[in-house]
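In the two complexes below, chain A is the common chain; its partner is chain B in one and chain C in the other.
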Partner chain A sequence: MGSSGASGNLEGEMEVDAFRRLFPLRFHERHLLESIRPDARPLERARESTVALGAVASADGSAMAKIGHTTMLAAIKMEVMTPSSESPDEGCVAIDFHMPPICSPFVRPGRPAEVAPVIAKQLSDAITSSGMINLKELSLTTGKAAWMAYLDVYCLDADGALFDAALLSAVAAFSHLQIPAVSINEDGRVVTMSREDGDGKLANDPVIKERRKLTLNCILFSLTCILHKKYILADPTAEEESVMETHVTVVLDSSSRLVSLYKPGGPVLAYASAVQDCIALTRHRVKELQKILNEAISDMEVD
Partner chain B sequence: MEYVSPEGLRLDGRRPMEMRQIRAEIGAVSNADGSAVFEMGNTKVIAAVYGPREVQNRSQQINDQALVRCEYSMANFSTGDRMRKPKGDRRSTEISLVIRQTMEACILTHLMPRSQIDIFVQVLQADGGTRSACINAATLALADAGIPMRDIVTSCSAGFLNSTPLLDLNYVEDSAGGPDVTVGILTKLDKVTLLQMDSKLPMDIFENVMQLAIEGCKAIANYIREVMLENTKELEYRRGI
Partner chain C sequence: MEIDRPDGRTQNQLRPLACSRNILNRAHGSARWSQGDTIVLAAVYGPKAGTKKNENPEKASIEVIWKPKTGQVGKAEKEYELILRRTLQSICVLTINPNTTTSVTLQVVNDDGSLLPCAINAACAALVDAGIPLKHLAVAICCSLTGSGSVVLDPSKLEEQKMEAFMYLVFPNSVHSVLPEGSLHVDGEPMEHGIITSVTHGVMSVDDYLHCLERGHAASARISDFLRRSLQSQALGNPSKAA
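After this line comes the complex of A and B, so read on.
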């Protein structure tokens, strides 16, 4: 069955590429039999990841995260708003995820990616429900003024595991965030102070003197795995995701507590053991990501 | 307000004829057929080119040449205050049209009939001159994608404040209300493809300012040529030539 060039006859690069395009599932399964993937990774290894803080100079906090080729740019802008009456001493965080047409050949102007609002909601839910950010820290004057943090995550290159990269960049941006110094003048209006005139204004009561960082209660990390027959592949590329459709996303915090588990259907039904394996892989990944994030933060501080 | 000090320095310490620092990088987006990041001072722009590929909307297909599409959008965090509507507003639509027509003039579209070339530009940081940075980034991205072009298109802006022609305005100088001339040229052929100006300017001063912008374009073209040569050497090295 199949042409003579299709069943493993590696006569030249062209044959392999054609086989990959025409029979993608068989191409990947052939690799899985040898417990390897097309990019020579073992099944449970994630791609090389990097984090760079301060990618956007004009934002209050920003980070660029890359997992393999998948690139995410997250930036936070702070604005002052009046808090709601139900929670007058809390600020607010608004999270948005965008996939501009540069990231993938399948996203066109006028036809936004289907997966973008899904990831936006997942991100929003994970960050708000985990209590990573203490909203009371964002308050300025109870009932009158509080910070609204707008987090925008842009996908610059989509090559699988979008949620993982987005969460990594969001968490890194929050670790880099410095809340601007403000003062409240007599009419109750909040005025942002620039770095230079921090000492000069005597008439105003400075509410917060210096730029300060947010304390994060816990840091979230995640790993997406693909289930296919009896195999579990960690950190899929876009090609693998399009061929094997069942994926499981596990979000853990830095002390390895389970924050969220997401398996949106898919042809493979997972027994508890498969889910346990995914959680174990995520636990391992959390340690790797923790190291990468700490290195990025200490690099920033050296400057 | 004083935009040029009596010693002849601008607000950011540059001389009137001095351009901001430029930096370009090819191949930033792996998914795209061609991509480039272009920075002019604090303005940072990323361009990705997909094509030539099949036309997505059959009714728009042209039988004897390629269809060129362009979309310009700004990230929410790119400007000082967070933007509410980063694309679809009038300014973005106008700039998309300008970039498309500028690039269409230099792509050899008759070589790729019934196909589509998409140029997407995303502004990551905006500090004046985004239009020019986008055209420069698009040129590099098209070159990276291997799309045949007549020439390198580069663009630069110039203005006239405090009776001095200034090259490469940043956001503060641009919002000063003085004239702003944006020029795009085909460098080797020495032809102007894009020329936009607003505010008022006497004819002889306009010629000076336009000439200054053209000099800026030529300087950018030299830099772009170097970057492309460097990139080609890198590709040759990787191929083992």
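After this line comes the complex of A and C, so read on.
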């Protein structure tokens, strides 16, 4: 009796699985009718998210962010450069986003993912246009030396809402960033001091800037929603993104101003009411993410 | 509140629009769209047999190639390609020619601000010229916000750099239909108020965004009328293309 029950169970599971593969849209719509999603979330709930700071020891600032299975690793390297003549008292931030083939079955070796440069552009647009980082703070000596911050975000697992996870990891990496101490040597060149030098005060050269944290003017968080018929699904998985093709990404800063509202096409038209609903969901999500990030920062300070 | 614009336009005034179609001999459809000094040339080839890997073969696929005026294709061009492809996919009837690829090539002739909206309008006119089945047309507009919160339409490159924020909005065109009034309304709102594409730059308040949406609707209706007139006059003037 027990064995027949088990096989019956298995058959039931097989059927659902086959249905999911053969009729993905109907499978998801059947769930939406019951106001639930295949991973048992309500429509407006985002997946569980975690942030861990200092994931890369060799970088000046780093963070690993997870939203559900989507995993992003962000690391910042600081380098001294000569500022451009147009803005002699400003540093610079260079942002790149990488999708190695391990992150998704749709990324093939040797062929760069189509979305990777687009997400990199969106990230640098959001971070530079929001004024999150005061570039003047990255200046060392006017016209001679300034910091160049290289932010690289690596996608380790692409399971939907890539931009949200990438932005979360980037913001967390900036809040973890420690700008190294610098000194000027005999030739008048700016050199960075390694951590041991900075702590032990071994170097004789005059220190012009101590090791310090970067102040962030505002903090950015984002939420991607799917619009499908009359439903709004927050924080979609990769499967949901491939079945329902209308995505809206809202980026808000800490004072609830709109940094970006990004909707690239899609079969569903967004009316003002849907836009407002998406913004309201994002406001709620900003509070959640703010809490997660603050906890990660205070955990770091305890260690 | 009045704002002085470098070219003496009022806030709501668009630059002169011009559209000519069927200008390339070998393309299946082509169009040249200009808004002031911003000029984009679009060519449509296809539908060609087969789709690329990872595309759904049960639907027609659209490929967009962006050619900048000078220099290499960078991240910005890749982003434009993706936005254009998704936007055009949403207005095409993809189930009519399954397992085909239509390529749309955009050549920037001159960039003087509002480049992406200009390219979307050009691509749309070229798709009509090629006879690709469309659900409706798309009209794109650039709205920008000054520091004091007033909206300026269709900014030039100089204005774009000075503005606090600007956004590219794409709406469906207003449909003239034999169906009774109201059948094209969704939740009491006319279909042309729905946003197909929205891309924003810069920080703004949510209210400013919604305000821009309204102004965008109003301006898109004017571009939509222009597009309709231009398509009709050229369709009458050039019956050979239809055959």
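Definition applied: the second predicted complex is superposed on the first by the 278 of 303 C-alpha atoms of A that agree within 3 Å, B and C clash if a C-alpha of one lies under 4 Å from a C-alpha of the other, contacts with A are read in each partner's own complex, and residues count from 1 in each chain.
Here is the rule we use: a residue touches a chain if its C-beta (ideal position, glycine included) is under 8 Å from a C-beta of that chain, and two chains touch if they have at least 3 such contacts.
Computed from a predicted model, the values in this text were never measured in an experiment.
Student: I'd like to know which partner A:S62 touches here: chain B for first, chain C for second, both or neither.
Tutor: Only chain B; A:S62 stays clear of chain C.
Student: Touch test for A:D253: chain B only (first), chain C only (second), both, or neither?
Tutor: Second partner only.
Student: Is A:P88 touching the first partner chain B, the second partner chain C, both, or neither of them?
Tutor: The answer is neither, since A:P88 touches no partner chain.
Student: Just chain B (first), just chain C (second), both, or neither: which does A:S130 touch?
Tutor: In the superposed model, A:S130 contacts chain C only, not chain B.
Student: Pick one for A:L261: touches chain B only (first), chain C only (second), both, or neither.
Tutor: It touches chain C, and chain B stays clear.
Student: Going by the contact rule at the top, pick out the chain C residues touching chain A in the complex.
Tutor: Within the complex, chain C contacts chain A at residues 54, 74-76, 78-79, 82-83, 85-90, 165, 167, 170, 172, 186-187, 189, 191, 193-206, 208-210, 213.
Student: In the complex of these two chains, what residues of chain A are touching chain C?
Tutor: These residues of chain A touch chain C: 106, 114-115, 117-118, 120-122, 125, 129-131, 245, 248, 253, 256-267, 269-273, 275-276, 279.
Student: Using the touch definition up top, name the residues of chain B that touch chain A in the complex.
Tutor: For chain B paired with chain A, touching residues are 28-32, 35, 42, 46-48, 50, 53, 56, 69, 71, 73, 75-82, 118, 120-122, 124-125, 127.
Student: Sort out for me which residues of chain A touch chain B in the complex.
Tutor: 56-59, 62, 69, 71, 73, 75-77, 79, 96, 98, 100-105, 108-109, 150, 152, 154, 156-159, 238
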